[in-house]
């Protein structure tokens, strides 16, 4: 099926700004689902609040648009209520890691079989460009006119430290890789995290003079590299893409672990 | 000054059960403060809610007994309000890592200059023995009559993953080491985490047939070892004690980092 | 690549971000005066589908004939 | 170790947990019939202070003469 | 001792044929007085068709200090569930005794254990000091069943409910391996007062 | 065009000597109509001693669709802050025009840009289509100051407030490097209508 | 001598809640421990999996409520339990359940507040919070009870209402009721009617409108994972559950959310009367304090006093009609509660002669006694203390 | 022509809040962004550090409030700002600030609820939540305003009251007021009195009792880091701030917490009157809807209508005396608000003839207009629509 057939056409075009990366993530996610061959009725998408979280409304699955930061908690209920369903949680970086940080680390610890796709645009898009826990030190946001003082999380390290059994990172530029990684994440039994570096030209790009969506995607192309690539010897600042953790563990259920 | 002189004698003896480890942590903390030579008026102790958190009331410093899980947020306000004061946060494992997990990872990320002393008794003592995120898989709690299904956090890994600049672990048996580590943690500029394995004979010990306080402390002696010790070759299940991270970084302030 | 396919642009959905244009390996796309993507050079197009993959607005489709 | 020091037990605070007794390297302490720690063997005591360090009730003090 | 009639079918009227029993059991955290209170009340409800309500003082303070459990037994409905003035009380520690002995209804029955409690002769109650601890240690060897022994003594003294009813509850509640020990403790308590009263 | 008197000292009475101006500026997200509205209102308040209130439609929808800013200018106090029926309006996109042109007060003034808007002759208003976009692109070369050009045209047409007042606000608000460009745009707008009306 | 009846139990209030929930069909529980509600979780952690249900302890109260809302959408009957501090944390998600119309049962075993307050003491201070704790206009169902048989029954009723009205229901008990033990006769299967949520009969392929109200105000549901896919949101939404800012849609939705409960206050109302026929003094109470009130009424009746008791079992929607009616013609009305007069204010608002309404209360952590109430009655009757 | 006055500003409501807070002495702000309050944080992130204060963006609203409470104890003037969903999350910590008596200012710029509701639309639906959102009996101060000069002044008043009464103060504004721009004249230094918290005069070494109330109900504070060390807790506590379960202590403390505000309702009350002297119809309103009400009054006055407006600026403690008094003798009272009648209910409770009180409201996200109000007036006066 073409991507469009997974959308609720009535509600499109979507509200995202021109050049926003979230739409690329949405279509990548659809392709991954198509690739796996899941029926629409087998998929539940649970999101929080944020530009990224608006994704739920557009997708023709069972969808839930919940509260800022709480998507993983709602998703936990859905998954435990119907363990046979595939539950995907598209999240913003603020949603997942600021207000939602606790549910994130606990979902990772429990290793519950959910797929968290985190659209990391390093900013709060929906509320107009405040810094998130993923905004790198020194960058500007509407609440950090002199640059952000705090260090950002390394999402991959945090997910690992909390116990996630599948952790990957890619970008909206790497659209094929994106689809492949989300596919692997969904197939993985246990809590999977896919960090997708996504662009918010409207706020993050504009405030930090990173250009429009095109320019920002060129940045993703030029400033990332595959795990273990030699390029990092010359340029250690390159951000690594790839699958960092992929462990097979017994499947969590509150009744006790089950070998799968 | 003897340990007693740091206590509000009017309110003692304390409410902790016979053999509870929290009192050992309290006296270790006092010794560390004495060692550093801090004036009582220079120290603020901020706790949450739990047996461990009752410590604040007994200590003759500026003390705040706050809300379950929120101690680090309150402490952040105290520290930023008076950066010259030493702010110590005694916490329970539930307090720090269940309801308080988000504030924990964000304090670590910000690397704010607080000392979190986490009394890890692997149980909710105050409410009568429910499992915490530190209760190992398979162990019993009053809400897990068949044993706990979830994996526990590795507190050291979580703190590292979130970006803490000082991370250490010890036990109530290793009382000298305990004092020394808390001392180092307080001296450290930045967010320091000391996990102290502490015993709750009343609930954790009884439910899991680990014996009384004495037996449980013997367990700490026999089932832990120093970082890098050869003993782990023979017994990889031994838990490591020691300082896992100790990095010097510029000191966080919301105004921007300051070289110290 | 199947030179038979067609790149179809949904002008209602296209927001003119230029991503498809910028990253088309063959420079087969342009933004027209109304700031909508336009498949200006079908002859150059390799039908690689990258434009479809990267369009944030699901506004490009590589339709197989 | 200063054999001159004295181990003083605060019976009001001691809860009889037995930790000091169990971990005294010299077996200088016992629990008395009222389940309070008691420095029964000063002569064995090395004044190492470990009992003080480990007492959860701040009920033991090694007082220097 | 007031001797209640054999329990009737519960009438749900406010008029009562049985003198309502207001009982306080008290001691320290580990002594199992709450368990004893529950067993007593449950026996009354399930095996004697009486009404019973059990409450307890509850809190972190119960970790260290005195524990108290209230039981009201009646063949009439019970509304207010707390005991303000017990007509029966048992105190297993001095602290509990000091705290609760004064609230007893004048002329009530106050059971204590000589091992733990020194009685104050000024209390206006039938004070019954027993060597329960000593006897339990001697005959059973495990202080854990002191509470059941106390229960035995209490129902032996008052004919509150029949010992069989308590035994039934023990069968349901106590793990098989401890059942005999508990039965013995119940009997021990009963025996102690039978000797006394006969 | 109604020609307001020179502004008086604000009287805080409900009686008004100046016809209250109710203005809607509308366009799409990036066109700066909100900024124009703020500048207009601020100039009225700070440099003409008038009262002014500015509000706007606000929401995630403003990300894509039509943006609208309301300004009320009066020498009397302003209570209800929204514009229900503007006597002045400017529409910089067709969408905005379609949405807001009908609400104009009969006989009001409706400014549009020929590049973006095709006017509907049925609207009961003095419709003034200008080539602002074209002129700005030709004379200044940057569409970003279209909003200021529109402001120039608006105050040129209505003598709402004096151009100097707007210029003062521009001085305070606009970064030095863009100030000239903005001044030019203001003048361009003024000139366009001066040519027209004189 | 009576032999044991198999369905007669001697249990704690918290166990009566757990058993009531199971009887009503509870399938999913998520919670976080807090005194004095913890035993509910402890009991269900054993009982629920035995019956094929799911128990999970979450990282906090916020997650607990969110989790059961998620589970409810898969078609399960769900519950969480907490006490004051946790209930405060749940307020945002309560609003979500209201807005998205998700059947869910939330137990608040009240303890002394505000803040950490008196964690092990009895109080009834969260009555108004149950009504107004979350932001925005809304309505809510709140039930309570004074004895364990009624605790059981009200728990069942709570589940029934949650499913019937697609709404969160607050079961507002208190420490005394929760920790007290007394007899509960568990009804046999079928003895009490159990409601299932209305499920859509629209067949697969037909356009199902999850938020299209029937003329009776009810909205048939479809379980996640079923044949109908739709959107659920906390935003104002249209009949597809898709966000909308249309003012007519907003108006209709908000009115519906309030009206579906407030207009049914009568059918939701639960109360009991004792000796009210000829009572000159009417006591109004609820929860454990109603026991003390009833004791006082019974005691005074024995001495010839013409007292009666109206025991409220539903607090919200406030049973205004019932209260107004029952209060007519009494010389004194005494509201007995363990707070500073939260229900007393409601009573004053609805009766014709508010000056006859008095408050007999305690809020110091001590359970109110019949003597406490009598003292107030003496005072308001001009007899001094 | 008037030249620019240096203290005259043309600013947004959210900026007026920020400027008012700075004028009142704000030193510490922690917050989490949420529409429509975000600009407050954005402005303060620039302005506060310029003035030597501290701004921090926290991980969520719970942390934000906890952080400012901690900072307040070091002696600073503190504030946070949020909107409905964040305000719901703050409820537990609001109770803590009440119980521990920590001066703190909490801004809630209301938007459409319940739940995520209508995030960018105007509403006044959180009025009762401000009063009752946290668990347990307590009292609270809530202020609001309808124009930006008053927004500035009420913000200053809020800080003053927080410091004077050792209490959290809720500044309950709404989207229209927050996003509207108009003139604000910033008073010169000293033009408005600024309160500092009462600090203890007890010298070092003397036994300082942080929670020993003076006969006037005030409790002198000592800053953390100062010479007096004491304990702060959310539990019921004695005069040392140490937890206690003593019922007398609990009784006194809870009464104190409520009485210190409710008994001062008069001195806390803030309101404005327009044309009330001879008004036969009295409108009562607050926040942005008071602007529409005033417009309607002014418009009708021009046509000879005898209408007046009572604008409430303090909502809690409810100014019952004032409202009762001002309502005497009117033919109709119209409460104008953007919710389902939350203040209208309070008005009905206190006036002598509640049947004369009517509600003119909107809650559909559209700002209420003078026309909306007029329609209601026509209806209640029997003139139809």
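We just call them A, B, C, D, E, F, G and H in the order they show up, numbering each chain from 1.
Heads up, the rule we're going with is that contacts are C-beta pairs under 8 Å (C-beta built on N, C-alpha and C of every residue); 3 or more make two chains touch, one makes a residue touch a chain.
Values in this document were obtained by computation on a predicted structure and should not be read as measured data.
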item	value
Distance-maximising chain from subunit A - centres being C-alpha averages	E
Chain pair with the greatest number of C-beta contact pairs	G-H
Whole-Å separation of chain centres (CA-atom averages), subunit B against subunit D	26
Subunit C and subunit D, separation of their C-alpha mean positions in angstrom	83
Between subunit D and subunit G, centroid-to-centroid distance (C-alpha), Å	55
Chain centre separation in whole Å, for subunit F relative to subunit A (CA means)	43
Multi-partner residues of subunit F (each touching 2 or more other chains)	59-61
Shared interface positions of subunit H, touching two or more other chains	49, 55, 59-60, 62, 85, 92, 96, 115-116, 119-121, 233-235, 245
Residues of subunit B engaged with two or more neighbouring chains	17, 67, 98-99, 101-102, 106, 126, 133, 146, 254-255
Subunit B to subunit D touching residues, read off their complex	2-4, 7, 12-14, 16-24, 26-28, 31, 172-173, 175-176, 179, 212-214, 217-218
Residues on subunit B engaged by subunit G in the complex (per definition of touch)	49, 67-69, 98-99, 101, 124, 126-128, 130-131, 133, 142-146
In the complex, subunit H residues that touch subunit B	28, 30, 49, 54-56, 58-60, 62-64, 66-76, 78, 92-93, 96, 224-227, 229-235, 240, 242-243
List of subunit G residues in touch with subunit B within their complex	32-35, 38, 41-42, 45-46, 49, 55, 57, 59-61, 85, 115-116
Touching residues on subunit H, where the partner in the complex is subunit F	1-5, 8, 10, 36, 119-121, 175-176, 179-183, 288, 291-292, 294-295, 298, 301-302, 367, 369-371
